[in-house]
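Lettered A, B, C and D in written order, each chain numbered from 1.
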Amino acid sequence: MRKVADWASARSMWLLWYCTGCGAVELPPCFTSRYDMERYGIGPMATPRQADIFLITGYLSVKTLKRVVRSYEQMQDPKYVLGHGSCTIDGGMYWDSYATVKDVGLYIPVDIYIAGCMPRPEAIFHAFEKLQDMIKKGEAAGWRRYKDNYRFYRDNQDKVFKRGPNWALEEPVLK
Amino acid sequence: MAWSTQTWVMAFLAPIIVFMAGHLFLGIARKVTARIHRRIGPPVIQQYIDVMKLFGKRESTTHGWVQDMGALFAVIGVIVAALFIPIGGDAVLSFKGDLIVLAYILVIAPLGMALGTGSTGNPNSAIGVSRGLMLMMAYELPFAMVLVSVILYYDTASLAEIVEAQGSFKWAILALPFSAVAADISLQAMLGEKPFDQPVAPSEIASGPMVEFGGKYLGMLMVWHAMAIVVEAGLFVNLFLGGGAVFSGSGVLPLIGNIGVWLVLTLVMFLVSVLINGVFGRFKMGQSLRFYWGFPTLLALIGLAWVVLNNLEVIY
Amino acid sequence: MVEDTLDHTKGMDPLKGEYKPGTIKLEEALVRIGKLVPGAETAVRRARRGIVKVTPDMKDLVLKGLKEMGFDHFVAVTCIDWPEEKRMELVYHLWSYGTKGIIMVETDIDRDMPSIGTAVPIFRPAITYEREIHEMFGVDFPGNPRLTQFILEDWEGPPPMRKDFNSLMYSVERFGLKIRYPKSLPPHLLDKGGEKNG
Amino acid sequence: MSLLFDIDWFSYLFMASIGVIAPLILMYSFQPMKDAARERPFYGLFMLSLIGGIGITIARDLISLFFFWELMTWSALLLIDGKRKGAGRAFKTYLGFGMLSAGGILTMIAMVASTGQGYFFSDVFIALKDGSDAFRIIFLIVGMIAFGSKAGLAPFHIWAPGAYAHASDSFSAFFSGGLSKTGIYGTFLVVDVFIGMGILATYGSWNELTGIGLIIAIFGAVTALIGGVLAMFQDDGKKLLAYSSVSQLGYIFVGIGIGGSVGTAGALYHVLNHTLFKTVLFMGFGAVIYRTGEHRLSRLGGMIHVMPATFWMFLVGIFAAAAIPITSGLASKWLIYEAALEKGIGVMVPILFLASVSAFLYSFRILQGGFMGQLRDEFKDVKEAPLTMMVPMGIIMIALIVFAFIPGAPMELISRAMQDIGMQAPEYSTIELGSGVGTYSGLVVMISTGIGFVIACIMFFAGPLGRKISLRDTFTAGEEPMDRMDRKFHYSWNFYAPYERVLKPYFNRWIDKAWRKLYRGANQVGRLHRTVFNGDVTAYLWLIFVAMIIVGALLWQYGGWF
């Protein structure tokens, strides 16, 4: 049963592309007629509740990271994160800036990093195909890493931003 | 009221047929829309994969038992509607299922779902549902006139008899052209295709009622949407296109033939609205009310007047 | 809220709706300011760019005078940090549609306790610029109603735009940046200060 | 002068509809009345109105009918308590229309007296039978005004929303659920008992649909539409329910107008249905008001989470009001639709359909505004409605669901009642209702719902069990929700705004405005009148003296005239 579910979730991935940074402008060509991401069954959805993949397209300032973590926690397992561009890997062009996040992996588990200072659609499709293989083989377990060592991620997050009183998302249950 | 075994078989077969057909139609519709945009589009079975993925998700969040009930109601309503619609000529529930009762049954699902979405506490879902109900008020006027004109023309409110009366290609669309066109226009809003998809507008209100539904709840809503499409388009086919009763005679073979014809006709009707959906933007709510209470209502009135005069043997 | 004392529409003729300032020459404006405020040093940097250096307490007087002369477009207020000379330089840029020239009013304030009166009563738009300078340089503007946190979310560090703030070291400490090849970096980045002047 | 009282199946039906809910409402009102400092004798007035209601149904002559009618009107009038804004105007309008209906009955008595017959219903029937046509038409119009205004027929409906909404919370259930049926009973009396459909048919009929019946049906349809659409735009919960009951009564008038076996059966069945679900609705919302003290929908919200049981009962009531097949609401409306279709006046059905769609809209508005959405912080610790309120609602809820299974059961009562007024009931079995055009089987609908429920449950438990999350954890585009989220995140203000802009010019209560003009006109006349009777005694003496002279002259002239 689990194999069928993995196969299905590989063949039909729904995006929550959060339009952070400059990568957002790279995604529309992926949906339009030239590249047509829908062939893989991938399409944009409106809310984190309905989405499986979280695309972080570009640098993350602290203000955006706060919204990204909240959206990530509102998504439902199994959820995957794709880091677009070198800014998500080690801060890229803003490597020594006081305001941007250097390594997104410290705050939310990222399954695939796509190099390039905004990867072109071909690179994005390559990443999608790789993600599909990983899901089918069951390796794309970023969401389980988030649950297992939640304390690690949470400490990093608290170092960078404070969760306000109305955060209202209870901690992921540690099992 | 002993039900023959054939009825019980059909009673469980009908929802399955409608379920499979619904997702197949949606897959075809996505392929056709993609072709309109000159792109390849997803495989036709994409809709089945989506539903499997949604039910395969490891976790689905709910805001309480009322949201669960909302999702349940959506599926119940559409299954009950599927049971009442004659598929391929013979009414599943052989009792003389009434057209007016059916009109009310079609409302169980939206109202039940409205209950579930309302309890999620997200304003987007409440706005989406209130738009859905307003839209229903808009297209219900011409649709009610069409229903009445068909009932008066065939002098029976039972869908099964209407389908029998249209046997061997004496389709009602030839007899009541105006009502048929008005019904098709209101079908556009019933199926929720652009320009009347305000209730689930993804960009404006974050997909309306489905905003807080994830995992299996979203799966159940998608099942509801797929089956509702087949039921509503199928209703139009039964009313105006002879309900697919092409092969007469009892036994299994003509039954399968009839069901096949009925499914093809339903697909054609659905694709008509999908093609319109491909090229239209989205109306505002006020515009859709003015539109629906203007031209389609006029058409439906002409159809109704024609039937009433016809009944009085004034015309011939 | 701080009430505006000046009548903003003085230069504007509301009836005819077009803008009717006293179009005076840039040099003449500088001369007038020189007379108005004896201690001010005025100079013409370029064709349409004048400078007025003035002490902080006379700043309001100069701004008000220039505004009445038609320099009523408040372009910006910027701050330059001179760590060696222990001073911070605030420059108010005023543009006039009549004379089509910019006058920069420069003042110096102490670097350790940087504080200067707010320009909001004279120029309402100054409120946001002063808020940013407050966040980035730590300059206090008593009287500015909105000196809250502006761009930097949940920021606890020192004002980042000061020259003695080392952005690299801060990001190593706060964001866990790993410097793989320290020797390849220029030395001044690694130790105390960032860009050195001159 | 002897008064005659008698009970037959027809009056028993109305007596049952009033009598059954009276004890339930009494039980319901123990709690609110115990707490609220009642300066008016609530129970006394309640009993008086109950006596009035029952009395009307057993009265067999016009005098006692009038007596009980007045008793009911006055006791209901005094129970409109003036807590909220607009209560004063509601009091006055209801007073005005109460007098109008009383005047109508008096004229009926006078007309019957003029023919010299007695006041028993049988005498009235004879008086009308051999009276002239004009006499019958006037009698019918007067009767319709008298009883129609009490039941809220189109032009005379403006008092109903105010009176039902501003009556004290527990009484409005009885007022709108039970007492409004007396108006319907009166209309039945005038149309069927006094004049009888047969005679009415002499004024032009078309495949046994009487011309006058058609007029009544059109009035009923207009009332249904106006009541429904106006109910959509109300922010006050009780006003919304009040307009909704005006709309439902409009349906009953359509049933009476169409007449014939199916139409009358539909009307009578809807009387029973309306009594049941309207009582549950007013009780449910009354419980919410009792617990929160707030009656405006835009201020309420999230009551599901603190009052789940009340929500369940209110929900069944709403489903019955919106005529959803899983409750018994549809059976009666279906009969009325079938009657309209059978008689061939199909034009009526789309209007009625639109009215019932507006029923969906206002049902959702009160559900969303009151019960769903974000729970307000100030209502966090609201407790569930007390037991004495829950039991009556539960009983009626069970009745609504049971009748959904066996719509035929109430038909026994209705068919006997129809035989009493000389009509033949449509064929029916315990689980199926028939009519000339089609059949409606409650049991089959419920069985298919059961099948649907089974399949849906299989689908529901296929996925993992849902993880419960709080109301604040909603999709806010990643933004952390602000502090006053419960007020800012509850969508219940200006609910159907796009339609209000479009429909406002047509439905902006122009009837109310017309009546207000009339009222102002009457005021002017009153003021003129006051100049004559200016209150000082000497003027009155003169007037009496002059009057005596005129009377003496008349006597002398005609002498022995009467």
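To be clear about the criterion, a residue touches a chain if its C-beta (ideal position, glycine included) is under 8 Å from a C-beta of that chain, and two chains touch if they have at least 3 such contacts.
Here the structure is a predicted model, which is why all the values come from computation and not from measurement.
> Looking at contacts between chains, which pair has the highest count of C-beta pairs?
B-D
> Taking each chain's centre as the mean of its C-alpha atoms, give the chain farthest from subunit B.
Here the answer is chain C, farthest from subunit B.
> Which chain has the mean of its C-alpha atoms lying nearest to the mean of all protein C-alpha atoms shown?
Chain closest to the assembly's C-alpha mean: B.
> Just give me the whole-number Å value for how far the CA centre of subunit B lies from that of subunit C.
65
> So how far apart, in whole Å, are subunit C and subunit D when each is placed at the average of its C-alpha atoms?
About 72 Å separates the centre of subunit C from that of subunit D.
> Per the centroid of Cα atoms for each chain, what is the distance between subunit A and subunit B, given in Å?
The answer is 37 Å.
> So which bits of subunit D are touching at least two other chains?
469-470, 472-473, 475, 477
> For subunit A, give me the residues that contact two or more of the other chains.
Counting only residues that touch two or more other chains, subunit A contributes 47, 49, 66.
> Name the touching chain pairs, please: which are they?
The set of touching chain pairs is A-B, A-C, A-D, B-D.
> Quick check: in the complex, which residue numbers of subunit B touch subunit A?
For subunit B paired with subunit A, touching residues are 30, 34, 37-43, 46, 49-50, 52-53, 55-61, 202-203, 206-207, 210-215, 218.
> Of all residues in subunit A, which touch subunit D in the complex?
So the residues of subunit A in touch with subunit D come to 18, 47-49, 66-68, 70-71, 74, 163-170.
> Under the touch definition given earlier, write down the residues of subunit D that touch subunit A in their complex.
By the definition above, subunit D touches subunit A via 469-470, 472-473, 475, 477-483, 485.
> Which of the residues in subunit B come into contact with subunit D in the complex?
Residue positions touching the partner: 1, 11-12, 15, 54-55, 57-64, 66-68, 71-72, 75-80, 83-84, 93, 95-96, 98-101, 103-105, 107-108, 111, 114-115, 118-124, 126-127, 129-130, 133-134, 136-137, 140-141, 144-145, 147-149, 151-152, 155-158, 206, 211-212, 215-217, 219-220, 223, 284-286, 289-290, 300, 304, 307-308, 311.
> Would you pull the subunit D residues touching subunit B in the complex into a rising list?
Listed in rising order, the residues of subunit D that touch subunit B are 302, 304-305, 315, 319, 322-326, 330, 334, 337-338, 341, 344, 346-347, 349-350, 353-354, 357-358, 360-361, 363-365, 367-368, 371-375, 431-432, 437-441, 443-445, 448-449, 451-453, 455-457, 459-460, 462-464, 466-475, 477, 489-492, 495-496, 498-499, 501-503.
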